[in-house]
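Here the structure is laid out as structure tokens; the discussion comes afterwards.
Labels run A, B, C and D following the written order; every chain starts at residue 1.
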């Protein structure tokens, strides 16, 4: 009878799918089996935009971490422990970051995560990692609030998440450093501030402004632009009539380049100083000759002046990666290496064996990590920020970035 | 009841099978193929365990082999139905032969997908073992046999879709006699369990290949069950037990986190809650788009209004107002504020011209993000903390239940995201209730009337402006409501989330797609559309660079070829129930309004 | 006297009371005068016909009566009150209409179409629809009962569950009448109700109109079909080129030479003329 | 002072570009009542078409030869794409419910944007656009770039051409007739399909010119430049009175001025200083749109048209 058969069908479908569910797990188990006997395999997670507009930066991060892991395995950096990476694509979207964070937390072999690139993504990940005591080291987040709490500017610094670290230098260092450079080295006293309303730009301009006025400089005017806009003529006019002798720009080169171009086209030949968001060859390409005389600060010493950095560049080349390591390659390598160092410390403290749940121990060990990395000495202060405060000013001369000055921020 | 319908209206004489075989031989070939296909899943398909799922094991299936196995069994099942096997007759009221063809092709598709994936990823056909070849050949054998089966169903002439129509269309079905109530209840429960199982399996697929294989087979199976008439039968039964079915569906959904165990449980619960937020928001949009026929292209901004409102009164550090509302008050406030924005935006726009709304909402979506970015204390009053966003939004605590930590219920333990999943499920239930009840009321009829023909609706005494504004504001309110949960799930909120077309849901374009692709004007359409859409983009991340492109093309193609979406217009069901008192407002069909020309 | 009671025979007002009064209505579009100084009165219990060649301004005049247009000059009153300038308020006031080219809600069922017609006579809002209290259930049940009654009246009760667009042409016309009746009007305006019908269907429509009148509802019909009009109407007004030519009973109008001339004298021109006055309204209607 | 003349000039130049794009919205909307969301992308593809021509010419070519060819490339690219989308995406939906073509338009918009993003070489970041030689010129304290002169010439010539086309050609009059009453136009023997294609092509041609103007003025073009610009241009069309060609130009100029002046002069209004920055200018444009819809829905030059909804 037809009615009964419907029941039969449903029963079959139900049991079939439930069986499938039950058995679907073999894949993930066997996937992480890894190599070698007697050696524990742990995973370093990577979260970065591997696709989309920012994929060049994200893939650079992934490859650099991969290089760190391969190097550690080759040199047997932590005896008895083999590292592997698991890279997840966050598409530069906070929602995806949240999903990735839970996934990495769920994989018990993950002992630390490198990433993310975007601070908006970091906001959704931090707490999930923190709840699981899983260390997260960002090579790129620069907003001070991530480590020092939302009220850092008013002086009440409070670390919100003990598991969050970063090798990137915060805006709180880069902005003031640029202010000192402009005021003392260049002798410019009147600034016009522009930011592009993204977290990075706003943060940078804020810290620059504080330091610059403290030094005795004056702010001739300030404007904010919408990221992605093309017509900056109102901003240019405001700058022109303000009588400022230079422009400080917080943001990235896609906005900075047309601004400096339109500025010079209007006959306002004052330099633009920006952060590491401007320090990119594309800036010069887009702005053309208008970029000559502009400056950008960037974190760390120039690659050619640090032997460790040169090794990294050479190894990266030898690694055969198809994409460049990008702006955050060095920091990513150092971030991964910091995790490896922490694991090493944990293992040696535990009689040469990795504890079964090493996450909390790794988190503790992070604060004592201290090694000479690609970007200089890597260690973390009480907020989880990098202690490395070395910065470099680059200037555009004849269409190329050239090193102007390397220094350490103090104060 | 007057039965004006025919079981098989004058269909053209069924065409001949593609492969001329005696029926018995065709059945035998199909059966052999199907059995072999299923059996081949127990063999090793490849040498290397490099391919995800480890298909090297002989003795039991793994990963994608399970999909092939299921495909083979389903083919066999419907072949037996067509053969008239005892106890199975009537399983395919719309015809078993066409169904068998679809399933055989589906099984072959997944199998060959797997084989090709192995060859491509591991580099060459040499990576396939004999077992793999057996599977491939067997699945093709089943297809060949199925193509020799006599053809049933309706075969309309001269359609462009060509090969897609080979299985024929399902004939109109006479409603079946009701079964004993106990049996029917059993069927309802089992159906829900099966749906939960399929969904949970799909969410839990841990690598893209498995998800793709799963999707292929699920797609073909859904087509087959629609063709066989089983969906129609199930629909009838569900209709008879409407309350049980809808309550049961929510209970089944609520059980989802409990089906998730192990390390990926929280990740899957997070995926689940994200899908729910996306789906619930899409359902709210469906009131605006599907019922009232208004195009809202900045809908995610209303989600944002709700989310920011909730974040501002959540007591998160660093917000402009240092207050902490209880969640019910925050949720209500978020919904109301969002609704007010809806009215402010709709009032000047809807009065003018319907299609201005589309561009005004598109503008609003962009402006919302820009305004939120600017309200940071330097380029505007500090309300939203600008681009840095509001972080560290505290977890909810309702009546002592802390959403931030894991809870155990007997042998089960569910974590933070599962807690929020259950909360969001409740919100979804509310939104479903609001949607379906308002749709089947004087208000909903007025909306649909406006959508169908505004002049005629006005002539029936409907105040077009007022009802359009009502729909728009209600949609905004529901999105705001969803937003209040959204912000807590994600701990934080930043302006960049609220884009017209961004990389991940929710954004306005994806919401619209979930509605359009799922089925405008239906309850289940946006839910299915949203789940499918979310899983697609989450699981097949290698497609991400082409995601928006595919998405744009999908919109165009759907509007061109299937404007009613994937959930078929169940209007026809109504024709069986002429005393029917309640019926959902189903989506528009590609009607040509030539009468007016 | 309330609106609702006009629907039933028992409480029908005495025939002869003026229901709709249009006085000196003028409607201009830019330089074109589509309706020029037309006056017309419809009394309770009457069936009034409005005829005229294509382009005579019938539909424009009709639209002035239904609130789609506000007349450039002149006034329209219903039950002594000036007609509100919005179509939905006109319906609320008690005038319902059908359309020349049937405008049903195609993707709604037959019953739902009639339920939409009940819109002005029900008042449950969104909140009560969501909460579904007893008041809502009662009103909804009552609405459905009434709707079924109207469907029964036009002979479509057995098609209540079908989609409106699946109905044959003649039945779609009937449904439009049922939908209009559902708003419990005192006056029903029919815009070419027999367009495209065969003689039998026309006969049936005739009877339907009489039946409507017998329920105490006055009817104003626009039509091309002379025979239909003259069989049906108590009085007939003839519009030609925006002006009212004659008004009177069937015999008077039929006997008037000017009417004959208007209909026979300008057949081709009338067709070409359709682009001016009458059809200038179509873009608004057609969207 | 904030150099008012310079700001006025800048606003008008920006507005002229908006106007060129707005013409496309207004023509198409006037005839088929479709908001062609993809029109902003048509503008963008025009710019990329021009860039392709420039790159194909080789670096030694004089700009005086390159510019006409680039214009041609832009116009051809945008026109072909616009006509194709009309033919493939919109025409099959001519009689569909009104929501269908709108959703399709969204789909077309995203598809075009993604095609350029994904398949045009190096279009994932902004691409450098060539600049015009000569300039800048000082005219009464106002600095004018040579690209600015191009914008003015292009806008004036285009408007004149359009005025001539609509008034004096058969096709132009057919377009007007179709816009006023498509059904009657059909009865009168006008091939409405053809008129619609011409409307799309014409609008696209202007968008192509606008694309070149944009590239020359700002020196770079990017795949997503059509989205917001298209939104502004549509606002300009509504502002001027949709369906009215001169209105589109006027609306563009007004909107350009609004964007440029609000960014500076709102600060002079007491209490509003925080709302005066470039980042607020798009918000002000949107506020203007809402205000226009409230106060004068038919736009500056529009006649009252009954709501066709």
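The criterion applied here is as follows: a residue touches a chain if its C-beta (ideal position, glycine included) is under 8 Å from a C-beta of that chain, and two chains touch if they have at least 3 such contacts.
Model, not experiment: these values are computed from the prediction.
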*Taking every chain's C-alpha mean, which one sits closest to the mean of all protein C-alpha atoms?*
B
*Among the chains, which has its CA centre at the largest distance from subunit A's?*
C
_Dominant chain pairing [most C-beta pairs in contact]_ = A-B
*Approximately how many whole Å separate the CA-defined centres of subunit B and subunit C?*
44
*Between subunit B and subunit A, distance of the C-alpha-averaged centres to the nearest whole Å*: 36
*Centre-of-Cα separation between subunit D and subunit A, whole angstrom*: 39
*Of all the residues in subunit B, which ones touch at least 2 other chains?*
370, 373-374, 378-379, 454, 464, 545, 588, 591, 593, 597
_Contacts with two or more other chains, residues of subunit D listed in rising order_ = 33, 98, 183, 228, 277, 279-280, 282, 307-309
*Among the residues of subunit C, which ones contact at least 2 other chains?*
284, 286-287
*Contact set on subunit B toward subunit A in their complex*: 49, 52-54, 61-63, 66, 70, 73, 77, 81, 87-91, 93, 176-177, 179, 183, 186-187, 190-191, 193-194, 197-198, 200-201, 204-207, 210, 230, 233-234, 259, 262-267, 269-271, 274, 317-318, 370, 373-374, 376, 378-379, 385-389, 391-392, 404, 416-417, 489-492, 494, 496-497, 502-506, 538, 541-542, 544-545
*Spell out the residues on subunit D that touch subunit B in their complex, using ranges where they run on.*
33-35, 37, 89, 92-93, 95-104, 106-115, 118, 183, 227-228, 231, 234-235, 238, 274-275, 277, 279-280, 282-283, 286, 289-290, 293-294, 297, 307-309
_Taking the touch rule as given, give the residues of subunit B at its contact with subunit C in the complex, in rising order._
2, 433-434, 437-438, 441-446, 448-449, 452-464, 470, 474, 571, 574-575, 577-581, 583, 585-586, 588-589, 591, 593, 595-597
*Which part of subunit C faces subunit B closely enough to touch in the complex?*
66, 68, 86-89, 91-92, 96-97, 99, 101-109, 112, 115-120, 122, 124-126, 129-130, 132, 136, 140, 143-144, 158-163, 165, 179-180, 183, 284-287
_If we count contacts the way the header does, which residues on subunit A are in touch with subunit D in the complex?_
53, 197, 222-226, 228-235, 237-238, 240-241, 254, 257-258, 261-262, 265-267, 282, 285-286, 288
